[in-house]
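Input: structures, listed below.
You will see two complexes here that share chain A, one where it goes with chain B and one where it goes with chain C.
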Partner chain A sequence: MNRKTGVGTWIGFIAILVWCLLPVVWILSLSFKPVAETTVGSAQFLPKSWTLQNYQDIISNPDFTRALLNSFGISLIATLLAVIFATFAAYAIARLDFKGKRLVLSIALAIAMFPVVALVGPLFDLWRTIGLFNTWPGLIIPYMSFTLPLAIWTLSAFFREIPWEMEQAAQVDGATSWQAFRKVIVPLAAPGVFTAAILTFFFAWNEFVLAISLTSSTASRTVPAQLSFFVGPDPFNPPYSQLATASVVVTVPVIILVLLFQRKIVAGLTSGAVKG
Partner chain B sequence: MTTTVTATPATKAPKGPAQASERATAENKLGLKLVAPAVILMLIVTAWPMLQALYLSLFRYRLTTPDERDFVGFGNYVTALSDPLFWQDLWNTVLIMVVSVGVELVIGFAFAMVMHRIIFARGVIRTSILIPYGIITVVSAFAWQFAFSLNNGFVNSWFSWLPGIDENMNWFGSHWPAMFAIIVSEIWKTTPFMALLLLAGLSQVSEDMLEAAKVDGATWWQRLWKVILPNMRAAIMVAVLFRALDAFRIFDNIYVMTKGAQGTESSSFLTYRQVIEQFQLGMGSALSVLLFLSVLILAFGIVKLFKVDLAQARGEG
Partner chain C sequence: MSAIEMKNIVKEYGDGFPAVNDVSIDVQDGEFMILVGPSGCGKSTLLRMIVGLEDITSGDMIIGGERVNDKAPRDRNLAMVFQNYALYPHLTVYENIAFPLRLSKQFSEEEIDRKVREASKTLELDEHLERKPGNLSGGQRQRVAMGRAIVREAQAFLFDEPLSNLDAKLRGQMRTEISRLQKRLGITTVYVTHDQTEAMTLGDRVAVLKRGILQQLATPRELYEHPVNLFVAGFIGSPPMNFLPATVKGDQVEMPFGTVRIPKEKADRVKDKGLLIAGIRPEYFDDASVVEEHKLKEGSTFRATIDVVEWLGNEAYAYIPFDAAPEVAAQLTELEKELDMEAMRPQLIIALDSASMIKEGDEAEVWVDTRKMHLFDPETQENLTVGL
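== the complex of A and B ==
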C-alpha cells in the first residue's frame, strides 16, 4: 500500500526521538560538568566548561569497578542458567503433550507479577541462616527465578513457530538424530534463545530491590545498588556529575545491546505477550 | 498434538503391548522432567518465602532482639490496617499506577501509530525507543531527579514560563511536585514497553478493513474508535495488565528520588523499610502478605473486569 509520510508522522518521529534521548543526553552532558560547577549549582543544560575528570575518577573508584564486575558476573551467570532451564521447559511446553502444561504457564505468569519486595524479608532471613547473604549466588538464584517466566514465555512462543518436521526430514535424508538436532533445530532455535538471553540480561542488570536488600558490602553489591549508596562526602549535596558519569558508564552496555539487537529485542518483547 | 513421531520420546518409550498410551506416558514423563527444574527454581524463591512470611507475620519478631519473639496472632495485620500510613501509601501506589498507566496508554498509542506508519529510519526509531526500556531504573530516577533539581536541573529554567513554576521551585520539597517527578520518571522509562506491545497489536488490524471504512466515508476519528481500537482490544488489555501490575510494585524511583519523604512512600517502599531498615520481620512479613494479596486482587480484578484472555491474546485460544 502506498503510504505517504505526513506532517503528523514527521512530528511524531521527532517527538519520539526527543522523548527517548533527551534524558540520556542530559546525563551525558551532566557527566562532563566539573564537580566544582555542580556543587555551586549549574542549572543550564550544557556544561560551562567541559571535563573528563569525572570519568577518570569513576574508573579509578574501586567500589564502582567492583560493582561493575559484580553486575556483569551476576547478570551473565543468571542469564546463562535461566536460559538453559527455560529452554528445557519451553521445549516441553511447545513440543510435548503433558499434564500440567497450563499450570506451569500459570505459575510462570504469577511469578512474573509477584511483588518482589514481599520476598525481601523472608529471603533476607533465610539467606542469613544458610550463608547466602551478601554472596553472588544469593543474587543469582532469585534473579534466575524471576527471569524464568519471561524466558519461558518468550521461548515457548518462538519454539511454537519452528517447523519441527524438518528434523524428521533430515533424518529421512540420512542424518543421525544428533546431526538433525545440531544442523537443523539448533540454527532455527538459536535466535529465540538469544533473544530470551538479552531480555533476561536486561532484567538482571536492572534489578534493584533484591540488590540492596540481600547485599551488605561491595563483595556482591551490583551497580544499581552501588549507585544508590554513592553519596559522596556531603549527604545533602550528592556528587551530581559523578553519579551522572557512573550512570553513563552503566548505560553503555545497554546501548550496545540495543544497537546490535534491536530487531530481536522487539520480537522477543512482543512475542511473549502478543502473538500474531 | 499430531501423530508425528518425535525422536526423543520414542527412544525412551519402554516395550509393551499398548504402544500409543506407552508413548503418551513417556511423553508426559519427559515433559514433566524438562519443566521440573524451572518450576522448582521458581517456587523455591517465591512459594517457600511466601509461606515463611505467612508464618512470621503472626509474631512480633524484631531481628535486633531475636529472642523476644512473641506470638501475636493477627496483631500485626490489625496494627497495619488501622494505621493511616498504610492507607496513605496504598493510595499513593494506586495513584501512581493509574496515572502512569493512563498516560502511557495515550502516549504509547501515539508512538505506536507513528512507528506503524513511518517508512523511513525504522531502525533509528526502534533503537531510540529501546533505550529507555533497557536503561536501569535507578539511572532513570537519577536523570530525572537531577533534571528537577533546584540547583542543577534544567526543568525550572526551561519551564519557568508555565504558571506555578519559577526558578526557585523545589520539586522535592512538597508532596505533589515530588509525586509528579516520580511519575514522570516512571512514565518515561516504561512508555516504550507499552508502545511496542501496542505496535504489535496495531499491526494485526487489517488494512483492508481500514480501507473499507475509509471508502464508506468514516472519518479518522471514527476509524480509530470503531475499527482500530476494537480490533486491538486483546493487545491493549495485555499491555494494561502487565504495566499496571508492574507500576503497582513501584520502588526504585521512589527510593532514589525521595526515599519516601514528603509522603511519597509506596506500599513496596513501606514493606522494604519495615524489613530492611527497621528489622521488623514480623510486621514486615504482615505487610508482605498484604502486598501480595493486593497484587492478587488487582490482577484478578483486571482480568475479570476487562475479560483479558491471555491464551487468546497469544493465539493459543
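== the complex of A and C ==
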C-alpha cells in the first residue's frame, strides 16, 4: 500500500518536474549552441558542439552589462524602499485604530489590480515633462507604487499574527514604542519582510512594459527591455543562442536569491512566544 | 519595592461601559495582593491600569508615593508576567531575561551577566539559558517569564493569570514556587486569577471583584468565614457554599429539609425579615452518626435521602436535591450565572467524614453546625449575620 502510493507520487512528481523544467533546460541547452547551429534551425535538443562563446560575447557586450547594472540597481532600490515603507504602513494598519483604515487597504488593493499598461501613456508624458524620463527614479517610482500594495497586505497579515502581548511585554520591560518595534516586532516579522522583499524584487526584475516605454537608452534600460534589442543583423533570423544566454544570465540571480532566502521565509518563527 | 495605592479607580470604555467602577485598593509594601473574580469582572483591566497598558478614566494610581496615571509603562518600573508569557521567540532564554537590563542601559556587560545568572539559578534555568523559548516546556516558559520579571529591581510584580495555561499538577507546583519566591524577595505583588484556590493559598489579602465593583477586600480566612454578600460567599470555597431558602421564626429556621435552631445573636439580627437565603458550607454538615456527642448538641439534625455519594478518600461528598421556593429560586439562578456556573437543579452538597457509612439512596440523619450558618437578604444579597 505504502509502496504503491510512493510510486504514484514519484510519477506525478517527475511529470510536474518535466513540465516545469523542460523550457528552462531548453534555454540552457540553446545557450551552449554556437550561433551558426541555431541560425540554420537546429532541431536537436542538445548542442552538437558545446561552446561558451555566447557567454563571452554577452559579458563583453557593454549594452548588456550596463542593462544588468540598471536592473540590479533599480530592482534593489525599489525593493528596499518598498519594504521599508510597507513595514511602517503595515504596522500602522495592523496595530492602530484610525479612521479610513479599510479605505487605505481597499485602495492599496485596487492599485495592485490596476493594469500596468493603462498607465504607460500618462506616465510617459508626465515623466518627460518633469524630467524623469529615462532615469532610474523614473522606473523606481512606478515599481514601488505597484509593489507596495502587495507588500503592505503581506506584511500586515504577518503583523496581525504577532501577539499584542509581545509588544506590551517589551514596553513593560522598559522599551519605547520604537524600541519595541525594532527589537521585538521587526525580528518576529522577518519572514514577512523577506517574503515582501522577494515579491517586490521579482516584480521589478521581470517588469517589461514600463521598462521599454519609459526608457530610451542604456542609461536606465533594464535587462528585459534590453533583450528586445538583441535582434542581430538579420531581423528574420534573431540570434537565438545569444538571447537564450542572456535569459540564463538574468535568471541566475533570481534563483540564487530564492535559495538564499527560502529558509528565512519559513514561517513558524513565532512558535514559542506564547503557550505551546 | 513600594506600596501601590488605587483611589476610586474608574475605567470606562468608549461605549460608556464601566469595566472597573470606583475601586479603591491599597497594596502595602511587600504584600501579596490577589485580584479575583469571574471572567469579565475587570480584574485584568485593573492590573493593566496599574502597569500602564490601559488608560485610567478617573481616580488616582499611586505607586511608591507617586501618581503614575500619566506615566508610560516603561517609566513605572514594574515587572509583569503575562498569561501567555509573551517571551521573545527570537531570543535565547538568556537574552530574554537580559532584555529589560539591556534596555535600561545602566548596567555593564558583567553586571548583566551576573544578574541573569543569579535569576536563572533561582529559577533553575541554568541548563536552558542558550535555548530558544520554542523548545521549552510550559513550566519552563513560565519560569523564563518570571526570570524576566525578577531580574529587574522593579517596584512591584504583576501577574496576569500566570498559571492558567499549565496542567493541574504543574499549576500546584508553580503556585508553591511563586509563593516561596515572593516571600523570599519580599516584593509587592499583585496577582490576577479567576481560580479561588490560587486566591486563597497565595494571597495575604484578596480583593473579590464582580462586574467592575469591589465586593470585599480581606484576608483569605475572613473571606471564607465572613463573606459580606452572596456573591463572595458563593465564589470562595470549593465545593461552593449551599444556598437554601430559609424562613426565620424566633430562633427556629425553616428550611426545605426541616427546621433547625440557630444561635440567639444570629436570630436577633434577622428578626422579622421574612424569607431569607441561608448559606451553609458543605463542611458544616456531617453524618450525625459519626459526629461526637458534644458537637451534636451545638447544631441540629434532620433526615434526608442521599442521592449521590462521591468518595474521595479523605472525605466524601453527598448530594441531596431539594425544591427551592420560587421567590429565591430566581435569585439563586442569577447568582449561579454571575459565578460562571451552570444553572442546575438545586441540590445540597454535604461533606461527610470518611468514616461515614452512608450509601446512595439511604435515608440518613444529617447534622448541621448552625453556629456557622450565614443568612443573606435575598433583595440586597447582603450577609445579615456578618461578623458572627
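One rule holds for everything that comes next: the second predicted complex is superposed on the first by the 241 of 276 C-alpha atoms of A that agree within 3 Å, B and C clash if a C-alpha of one lies under 4 Å from a C-alpha of the other, contacts with A are read in each partner's own complex, and residues count from 1 in each chain.
In this section, a contact is a pair of C-beta atoms (placed from the backbone, for glycine too) under 8 Å apart; a residue touches a chain by one contact, two chains touch by 3 or more.
From a predicted model like this one, the values you see are computed outputs, not experimental measurements.
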Check your understanding: chain B or chain C: which reaches more residues on chain A?
Key -> B
Practice item. Have a look at where A:Q171 lands relative to chain B and chain C in the superposition and call it first, second, both or neither. Key: both
**Study point:** First, second, both or neither for A:P163, with chain B first and chain C second
**Key:** second
Exercise for review: Check the residue A:A89 against both partner chains and state whether it touches chain B (first), chain C (second), both, or neither.
Suggested key: first
Point to revise | First, second, both or neither for A:V184, with chain B first and chain C second | key: second
Review point. For chain A, what residues appear in both contact lists, the one with chain B and the one with chain C?
Key: 165, 168, 171, 269-270, 273-276
Check your understanding: Inside the complex, what are the residues of chain A that reach chain C?
Key -> 163, 165-166, 168-176, 179, 183-184, 187-188, 190, 269-276
Review point. Where on chain A is chain B touching in the complex?
Key: 1, 3, 5-6, 9, 12-13, 15-17, 19-21, 23-24, 26-27, 30, 38, 40-45, 85-86, 88-89, 91-93, 95-101, 104, 107-109, 111, 113-126, 141-142, 144-146, 148-149, 152, 157, 164-165, 167-168, 171, 177, 180, 202, 205-206, 208-209, 212-213, 223-224, 227-228, 240, 243-244, 247, 250-251, 254-255, 257-259, 262-263, 265-266, 269-270, 273-276
Study note, to complete from the structure: As the complex stands, chain C meets chain A at residues 51-53, 72-74, 77-80, 82-90, 99-100, 103-104, 132-138, 141, 148, 152, 165
Practice item. Name, in rising order, each residue of chain B that touches chain A in their complex. Key: 1, 4-7, 9, 24, 27-32, 34-35, 37-39, 41-46, 48-50, 52-53, 56, 63, 107, 110-111, 113-115, 117-121, 123-140, 142-144, 146-147, 149-154, 156-158, 167, 188, 191-193, 196-197, 199-201, 203-204, 207, 234-235, 238-239, 242, 245, 248-249, 251-252, 255-256, 268-269, 271-272, 274-276, 281, 284-285, 288-289, 291-292, 294-295, 299, 310, 313-315
